[in-house]
Amino acid sequence: MPRVVVDVVMKPEILDPQGQAILGALGRLGIEGVSAVRQGKHFELEVAEGVSDETITKLADTLLANPVIEEFTIRR
Amino acid sequence: MGHSRQADRPPVDTVKQAKKSPDVAQPFRELGLAEDEYARILGILGRRPTSSELAMYSVMWSEHCSYKSSKVHLRQFGEKVPAEAAKILLVGMGENAGVVDVGDGWAVTFKIESHNHPSYVEPHQGAATGVGGIVRDILTMGARPVAVMDALRFGPLEAPDTARVLPGIVSGVGGYGNCLGLPNIGGEVVFDPSYLGNPLVNALCVGVLRADAIKLAKAEGPGSKVVLFGARTGGDGIGGASVLASASFETAGKTKRPAVQVGDPFAEKVLIECCLEIFAADLVTGIQDLGAAGLSCATTELAAAGSGGMEIDLDRAPLRDETLVPEEILMSESQERMMAVVTPANLAAFMAICAKWDVTATVLGEVTDGDRLIMRWHGEKIVDVPPRSLAHDGPVYERPLSRPYDQDALNGEHGNGLPRPKDGDRLRSTALRLIGSPNLADKSWVTDQYDRYVLGNTVLAQPEDAGMIRVTDEGTLGLALSVDGNGRYTRLDPYAGAQLALAEAYRNVASTGARPLAVTNCLNFGSPEDPAVMWQFAEAVRGLADGCRELGVPVTGGNVSFYNQTGKTPILPTPVIGVLGVIDDVNRRTPMAFQNDGHQLYLLGDTADEFGGSEWAHVMHGFLGGHPPKVDLAREKLLADILINASRDGLIDSAHDLSDGGLFIALAESCLRGDVGARIVLPEGVDPFVFLFSESAGRAVVAVPRTEEVRFTDMCTARGLPAARIGVIDLLENSLDVQGQFRIPLRELRAAWTEPFRARFD
Amino acid sequence: MGPRVGVVTFPGSLDDRDALRAVRLAGAEPIPLWHGDKWLDNVVAVVLPGGFSYGDYLRCGAIARFSPAMESIIDGAKHGMPVLGICNGFQVLCEAHLLPGALIRNDHRKFVCRDQRLRIENTSSAWTTGYAAGQEILVPLKNGEGGYVADQHTLDELEGEGRVVARYVGDNPNGSYRAIAGISNAAGNVVGLMPHPEHAVEALTGPSTDGLTFFTSVLQQLVAR
Amino acid sequence: MPRVVVDVVMKPEILDPQGQAILGALGRLGIEGVSAVRQGKHFELEVAEGVSDETITKLADTLLANPVIEEFTIRR
């Protein structure tokens, strides 16, 4: 069954407190070379053959992401 | 990366530029400024404003920040301040929040504020940042925030959009408050079609501090540093509160900035602890939170309250988005930021505490002995204004008012002809319909998402009449708080409606045994440009001011929210009133639950045939008309006295005030809370329907141990408060039995009460 | 004053004051500890309190686990020092691998705050000796990510070794596997608990005083030693 | 600056309440053809040129994912 992946991240101009917290922890872990972290959501959907791109987009736009503050990408 | 983008930007408008090009057309209208307001700015500055100055005037003179439509009315709170206020008011209206003296060297600051519009756009973040904002107001006074409350209004429970808005708002209020570690001790959830396109989110915070440790938003002492600390500044909320991002920003190649702010409760929690440590070490001479109008507001208010001026290097502000232009930085409403004035001697210690808490802190500039607020951007002067002209000398309007065209018709339509239940069976089904209606149903689906235990000082919380907290665990001093409002009553009579809201909150506080002390308010209305709305507003303020004077409780602060409407249709006028009370010994608190077998139930106060604006008329007939219940503030005072004395002397072991839904609902709630039954005997000659469901004000039900009955009734008789014995608590009964009429098993009652929310949202 | 019992404050800890109060009411000397200090100030037992350390960003407890204080606590725990993790503290202990399994989002996906009945199933851990086996207690529960999960093998092992310290009675409030509310390590000195005994230590402010026994239990142990 | 993406999902044997809830909501939205949803986390890291695969793996394994319940994939 085909799998579709939808990744949702905060719009770049919106605060991403989680990314900030992770970046802080990296320092304490002694991991270097990472200059920015953004955290988002990752969805893996199993869809039937015929499901259209429009359907997936509608799904992402209404349910998986909040378009007021987030944006998404779809990978099939 | 910053540099290449910098090249795309239009040159920054400077003071020099403004002098050289007096005739440049400026987008003041798009920024929400009227023609005459713009002319006034030209007069104040003696030249055209720079675009940064224009941005500042536009946000500072917005309705939200300047109170330009409400100011002339709000003055009454000061003019009619009750004599009692002199004894307790340490800081009055006008500061971030009022402060009252509660004894033992302790002071309390509390305030309620709206975040209605953002919560409609993005319910979770809108509500969350509403809580965040009010908590910072309280913190700014030098207090440790100790509890929050939330008064909420939604469209009909069954409306599809309510399923979007309500869960998001509740998770936002809970998510932010829980993460700050502040117990939520009460609030309201009310449904009415008028709120469908415009829900209300009113958040209250209360804080405690030592009476000698109050902090003010004031920049004093030339040479003192102005420090911005907390979160970095981003582009969020520009256009959220007061203006829309204008054409001038589009020329900077911007797509639209997000209209909502996103909150980071963790950052705020850390900021709170950091500030409290800074206060404890006495390191600031003035402090201000950044809320609406962000840096514009903080700098001008600090400078305006001081005796000197201020110079700021705006380009030092740490940014989250390097592309922001000065105008945007000045208007940004990024959350979790504070501004402090710190003497050079204290600066190092201040910075060390910020570092300990990992809080970014940056010196932006300093206090001067001049009288101007000056800002520079990479060395160029972009702002040069008299700060008071922004903070205090905004426009003031006496907006036209007129009684709504339909007011007389509304009041004339009494609804006396609405069919009333006449026999026991019909009274029973009415009772079940009411307790299972959205406004009266169990709210624990909402309140179970709120932490009420954290800090370990919560003595009473929802669903009690008022929340109560212990000030410290080393003493017994306690605070009680209730918030109430009734839009339907206020629509029928705004003067009385505001007083009824005040009376209800006052009565709720007294029901717990605490003495009401002070008032805060959040006035939610439609457009001030609509004379009918303005009349409602003026009447409500007059009613509240008169009511506070009569009850002897001063207004210490509050908030006005206008433009609550869908299209041109305003919401029901909704003043939400918060009352703070004090109790010497929290161990003497009176809970609402019926507990002990055989204790006698007394109804205090008078019951009249009053159904105007009632839940019964609303739920059973979808009807609104007539007049709200009569207001008798002298009676409210007497009732409160009796409730307080009875609690102190141990004469009662439960009390519950009567409000929406009347006596039956109060009895049902007390039975369900204690999980015990009661037998009710209707007094001779009463109309059972009126007795059970009328919403007459000034009433409460108390449970009196048999041993205290004589003392209690003697006290009521001596003071002239009607007290009628109406029944007894019956542990074996397991039902609410209204003898001769109907009997409802508690299980059935509870099922009806809990059904609406679970069925809708689970 | 009794033995010194430490309570760690992480950025975002919320119930640290409550835990200090519970320690005091139990008769021990409460010692506040700072997450950034390795030095544990001569405490003989440690409580990791509830809250949202580091905002619960990433995963609850994931970032707090790397603090300097935790280094010392992990070390102490391995040498038998009693450690109680409450709510967020439980999450930190799982992230630090002092306890098996993990805590995930409640199955109903809402934060829940309510008075919860628990059954104490293990009375030999350092923190539960004062209870009777099978005793039911009432304490507040408040969490958004309180669902205890682990693989079958681990669950069977926990059950087999009697390391399920407390179980939810009545409705499972968060979808925890096998209604598990708390567990201990094999030695019994480290206990993680999702509900909040520190909020049930005074009749005035809690639903009961049943929670106090967690703190008095460890005290008796320490004094007996 | 190179970007690395780390996606973290729950192991299949662990209950995923959020994925379940989304599946339920799909029905109500009238979207058909989706038979399974898993929700995970999505991280976008900006890393310096020289940061090795091992470093990223260590970062994912110790911080970004909890190996007790989660598994991760790395995309560079």
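As written, the chain order gives the labels A, B, C and D, with residue 1 at the start of each chain.
Methods note: contacts are C-beta pairs under 8 Å (C-beta built on N, C-alpha and C of every residue); 3 or more make two chains touch, one makes a residue touch a chain.
This one's a predicted model, so the numbers in the text were calculated from it and none came from an experiment.
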| item | value |
| --- | --- |
| Pair with more cross-chain C-beta pairs in contact, given A-B and A-C | A-B |
| Centroid distance [mean C-alpha coordinates] between chain D and chain A, Å | 9 |
| Interchain centroid distance [CA atoms averaged], chain A/chain B, Å | 35 |
| Chain A and chain C: spacing of chain centres that average the CA atoms, whole Å | 33 |
| Rounded Å distance, chain B centre to chain D centre (Cα mean) | 40 |
| Per-residue overlap in chain D, given as positions that touch at least 2 other chains | 63-64 |
| Residues within chain C bordering two or more other chains | 54-55, 57-58, 62-63, 66, 108 |
| Per-residue overlap in chain B, given as positions that touch at least 2 other chains | 264, 266-267, 358 |
| Category of the chain touch graph - line, ring, star, complete, other | other |
| All chain pairs that touch each other | A-B, A-C, A-D, B-C, C-D |
| Residues of chain C that touch chain B when the two form their complex | 11-12, 14-15, 17-18, 21, 36, 50-52, 54-57, 108, 110-114, 140, 142, 144, 196, 198-199, 202, 204-206 |
| Chain C-touching residues of chain D, taken from the complex the two chains share | 10, 13-15, 17-18, 21, 63-64, 66, 68-69 |
| Residues on chain B engaged by chain A in the complex (per definition of touch) | 121-122, 125, 231, 234-236, 257-260, 262, 264, 266-267, 320-321, 334-335, 358 |
| Residue ranges of chain D in contact with chain A within the complex | 1, 7-9, 19, 22, 25-26, 29, 31-48, 50-51, 55, 58-59, 62-64 |
| For the chain C and chain A complex, residues of the former touching the latter | 54-55, 57-58, 62-63, 66-67 |
